[in-house]
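Chain IDs A, B, C and D follow the sequence of writing; residue 1 opens each chain.
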Amino acid sequence: MYVLGIDLGSRTCHAVIVDPDGSVAGRSAVPVTADLPGTARRAEAAVERSVSDLYVAATGFGRYQVLFRDIAITDITSHAFGARSLFPDASCVLDIGAQTSRAMRYREDGRVERFKINDKCAAGAGKFLERVARAMELPLDEIGELSRRSKDPVTISSICAVLAESEIINHVTQGRAVEDILMGAHLSIADRVVALLRQVGIRGEIALTGAVSRNAGMVAALERKVGQPVRVSSDSEYAGAIGAALLARKRLRMMSHEYSS
Amino acid sequence: MKHQGVGRDLQKQLMAGWYRELAEGEGPVAYLFISGNVVELLRAFGFRVVYPEVNALQCGVRKVAGDLILKAEDQGYSSDVCGYVKNDIGLVASGNVGPFGKLPKPDLLLCTYSGCATYLKWFEALAEIYRVPLVMLDVPYLRAEEPDPHAVRYVAGQLQELVAVCERISGKRLSRERLSEILDRSRRAEDLWMEILDSCSGTPSPFDAFFEAVFFMAPIYVLRGTEDCVRYYESALAEIRERLEHRIGPVEGERHRIVLEGPPPWPHFRAFWDLFKKWGVCCVSSTYCRVGGIWDRGFRHDPSRPFESIAEYAVRCYTNLSLESRRRFMREQLERFRAEALVIHSVKSCRVFSVGQADTRDYFSRERSVPTLFLESDLADPRYFSEAQMRNRIDAFFEAQEHLRKGVPCS
Amino acid sequence: MLVAGVDVGSTATKAAVVGEDRRVLGRGLVSTGANVVRAAESAFRQALEAAGNEEWEISHTVGTGYGRYRVPFGNSQVTEIACHAKGAHYFFPDTRTIIDIGGQDTKGIRVGASGEVLDFVMNDKCAAGTGRFLDAAATTLGIGIDEIGPLSLRAQLQLRITNVCAVFVESEIMSHLAKGRRVDDILRGVHLAIAGRSIALVRRIGIENEVTFTGGVSRNPGMVSAIEEKLSTRLNVSPDSQFTGAIGAALFALEKVEHDVRAGH
Amino acid sequence: MPNPLEAIVERCRRASIQEDVLSWKRTTGGKAVGCFPVYVPEEILHAGEILPVGIQGGGGIDTDLADSRIQSFVCSIARSTLELGLRRDLDALDGMVFPNICDVSKNLAGVWRRNFPDRKVEYVHLPQNPESAYAEEYLRAEFGRLRESFAELAGRPISYESLRESLAVFNRNRRSIQDLYRLRVEKPWAVTAAETHLLVRAGRFLPKEVHTSLVEEGTVAAEASSRRRRDGLRVVIEGAFCEQPPVEWLETLEQAGCLIVDDDLQIGRRWFDRDVETGGDPLAALARAYLRTSPSASIRHGDEISRSQALVARVRRSRAQGVIFAAAKFCEPALFDYPILRAALEREGIPYLTFEFEEKMSVFESVRSQVETFVEASLFFA
């Protein structure tokens, strides 16, 4: 059976179709509007597919707004399972979102062993980058590249995202180089999310999922803090949707197996 | 000025020697806390004594606390619990090697409850790691000015039981003579230390009872009961007398005399002091330099009452006092040393200091109209200190003090 | 003889030129942005032009605010606490308490009869409940920062916002929207939450009438009414409230000059 | 017809200082004393015909007054209790007792004395060295001190006879609660954690005798109830021994697929796991009970078995499949134990999930999805 995995997040809604042998047959990504059920519908319509009869697995914070779902799965379970299929050698995933960041560690079969959600002062990583970009009057998707030119990144000590922002403004006023400030900003986030990762216990390779995975500066900062390569893939943003689809597929098989036996 | 800085240098040597003794010396090892400690008793059995708090503050001063605290948070310690404990847990995770060298493993964890309830959680954690006996010396908090008789009997009784534990671990019997020699040396050092603290009543004060005292006080808490400790305070006192004679103070041109309540922000100690120096501030008394014990009210260790005086010391240390009693102490100090203001440094790590300080501030600023400055940061965690914010508060406060004096606050 | 004050804040830089008669002759206002020195200079120039004068005629300039040590032409520096006290006293001689809410700092100041600082408090090392919280709420709701105040005044029911952290307010606002709450009710809740937090801080020094509200946020009518409701007292708010610090600084400059003249040098 | 259990739970949900304590005082003309968590020897108050009132915090009220006295890094219950006091919402209480459970509680006694000079404020120091041979004599004397102090407040002496009677009343109350918990282990769907919490919590405001019968009736009703058996992940809650999580938080856990089969909520209401002897010297009996039969808790030192062993034993006893750590934000005793307990659970291969709660919590989405994740781990990977 074909399974549609749909990840309704806060910024973008990703959808994938997984064919009976478990490989991704189609993708789509649409921006999220106030009308969440409608957004889910548009994402579903946007995936090119050959079949009409689909089993639908929804994930992401808006999973219950996917009214045509067959099953709802939380982002953590699905991100871990998706990462497992995208990064065979990884057993830890970092998912950096606009507001919350998550670190997960999973077993070989993809079962989440430990996870930690960033829900304290250090939250708001993605949003923090957006604000930094605005403060420096730069487009968001350029700050990562720029930061990589840094030779001597600034240090940002505050754990409060708001005060960290004012520290950045301080550095700006002191005339520090743009790339050093940007790298400092990325490193300060890396500090916080790597702390999450350490709390779940680093084992094997580390994969990065979510929109921030496109930010090369963030990847560099993470690798520097964690001291090992951080894997990203062009499908990183689809990890949630893929994981949801594959889990649904797994669940279907478990059930059919139960019935047949 | 031949005596300038002797106290400081000698103190550094002594502490270095002490850490060397810990690393290389002989004899069983006990871990002990500073507040109301019973080190004389342990000394009588030849224990080498490790003070986790002192290690933690050393890590703070040497700016390695931040990383050690993160190490502990990686193990699941919350960002909201005492930074001293996390620093120590991080230190253990790094093989118990600090800026001061390698620390020996304990044979005994002796927890005195007179510091704070967190002491207990701290040693429970170490007991999990080292799997050695944790002896609890339970010291009831002083509800009123005077301890309850049953509380004193309880503490004294536990000390008797502690002797048995020490005899078992050290394999030595308690020698009364040795104990009273040690207590006599404690008493002599305490007399000298008090004379140094009292010298702050001079104008200018020859000594900063916070920013200098936190270094000068190390031997009275760490080496108390040793001949070295007595010799140290003899030469420190000589230095202070020299300063008095030449009217030298810790700051150029003393302009403001303050009493300071609360522990220092160790990772930013220098920066913190400079913010006060800039205004010619001298701290003429502080509660932190009494954190281990209080001698101002006449208490001394007493060879003729060994256990009673050890128990009394434990019961009457600053952190074991009720808030009323602490306020009374600050009031006495403000008057005795003719201080114009009270500065409260409220630290997140140490609830036993911090909770109630807002009432203390309210009491002094409103009921006694003593100008009071309230500062917030931490004693161990560098993340909670913002120099810009500190400067703003301290500048504004002394600006106002100057303004009240000469009408023009421009610096 | 003219004097000036320049108040370099985290978001806006303000300047004021004052004459011997203590009258405010010119004001300057620019956003601080990336370059403090430039901001200070252009605010200063604006004020001079408004006063119709050239720089060399200014006998003394006092810098205040976070960037006070970076005002290159400043003759001396005074903290914004003293300057706000001075400025507020200038507008409202009977004021005894000042509540100042800025971008990342909230202050309470107790002032004496001559505008001297008797006591003060500032928020601890957490930006919760400062002006930044309002920005976050505005962005979350996609409304301009200048519109949220007036909008909040149209609220119909009391709605509680429990989290005053600028990072988490988004999720709380989102959940209220999800429950179909009205935007103006939510905004009223946001304003009351900050009002409560700020008043709790200022209570540490005791709140005595008259109370003056200064700082960037004092231009927000929703904030004024929220604080007035919580304190059940009227607030002094000067049309010049944003310039309180700069004017206070200029007045210190004036005193300095007079003092030096008296001292005969 | 409505389930009688639900009616009883509703009664308990309404229990409060404003309602029940005030009306008790009106009818009896007696005095009432607030007891800060976790354990206070309420029997002594009861024997003096003083109503012991359990301090429960403010349940998420605004804390504008207390925020000016309590720094931002202190737990909700200290903050909201002071707020209630400053709002004069605790005027029904003629006194307060603070035990040495943590540094905050120790100092709160002093804060209370300064802000409420007209009230009786007691600080009781419970031994942290129960192994000491001197602990019993000390605690007996400490309880004796309280007996005199409360007798003074009551304006009448407190006899040994009345103390023995009170011990019996409290024994029965604790037994009723323990029976309710036993039922939870067997039929967790018959009475939910939230219902149990409300049933037990009412004991903080109601006279013990009244409360005991409510709990006994509730348990009978639950046993008889025809509720459908529910499937879910059997979990134990650990860490909520002092400040209590919002009821909505508990409900979220259960809606998200957990069956809470044991917890340390309101642990002070059932502090002893067996009856206190009612013969002989009642104060000595109470002291011995505290030293020998207290449960394992983060705020008390000196058990024969470690806290980790005690937790693992609780998990096994209740046949739980996982543990949910629920520490009040800023609660040092709970947060310091967490890494140690966590390590033990990992050694035992027991899954766990961690939360920090506070009274002002109002958004539970994140809690829900984390619990769902926790449950999914067993759902998809049987």
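Methods note: a residue touches a chain if its C-beta (ideal position, glycine included) is under 8 Å from a C-beta of that chain, and two chains touch if they have at least 3 such contacts.
All of these numbers come straight from a predicted model, not from anything done at the bench.
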| item | value |
| --- | --- |
| Hypothetical removal of chain A, resulting connected chain groups | one piece |
| Relative to chain D, chain with the most remote C-alpha centre | C |
| Pair of chains joined by more contacts [C-beta pairs], A-C or B-D | B-D |
| Rounded Å distance, chain B centre to chain D centre (Cα mean) | 36 |
| Rounded Å distance between chain A and chain D, as computed from the means of their C-alpha atoms | 40 |
| Between chain B and chain A, distance of the C-alpha-averaged centres to the nearest whole Å | 48 |
| For chain A, residues contacting two or more additional chains | 121, 158, 163 |
| Shared interface positions of chain C, touching two or more other chains | 124-126, 171, 204 |
| Overlap residues in chain D, where contacts from two or more other chains coincide | 68, 71, 365-366 |
| Pairwise touch network: line, ring, star, complete, or other | complete |
| Chain D-touching residues of chain C, taken from the complex the two chains share | 124, 126, 128, 160, 162-163, 171-172, 175, 196-197, 199-204, 230 |
| Residue ranges of chain A in contact with chain C within the complex | 99, 121, 123-124, 127, 136-137, 158, 160-163, 166, 169, 172-173, 175 |
| Residues of chain D that touch chain B when the two form their complex | 68-71, 73-74, 78, 100-104, 106-111, 113-115, 123, 125, 127-129, 131-135, 137-138, 141-142, 145, 298-299, 301-302, 306-307, 327, 329-330, 332-333, 335-340, 342-343, 356 |
| Chain B partner contacts - residues on chain C that touch it in the complex | 62, 66, 76-82, 116-122, 124-125, 204-206, 252-253, 255-256, 259 |
| Chain C contact footprint on chain B (complex, rising order) | 358, 361-362, 365-366, 371-372, 374, 376-377, 384-386, 388-389, 392-393, 395-397, 399-400, 403-404, 407-411 |
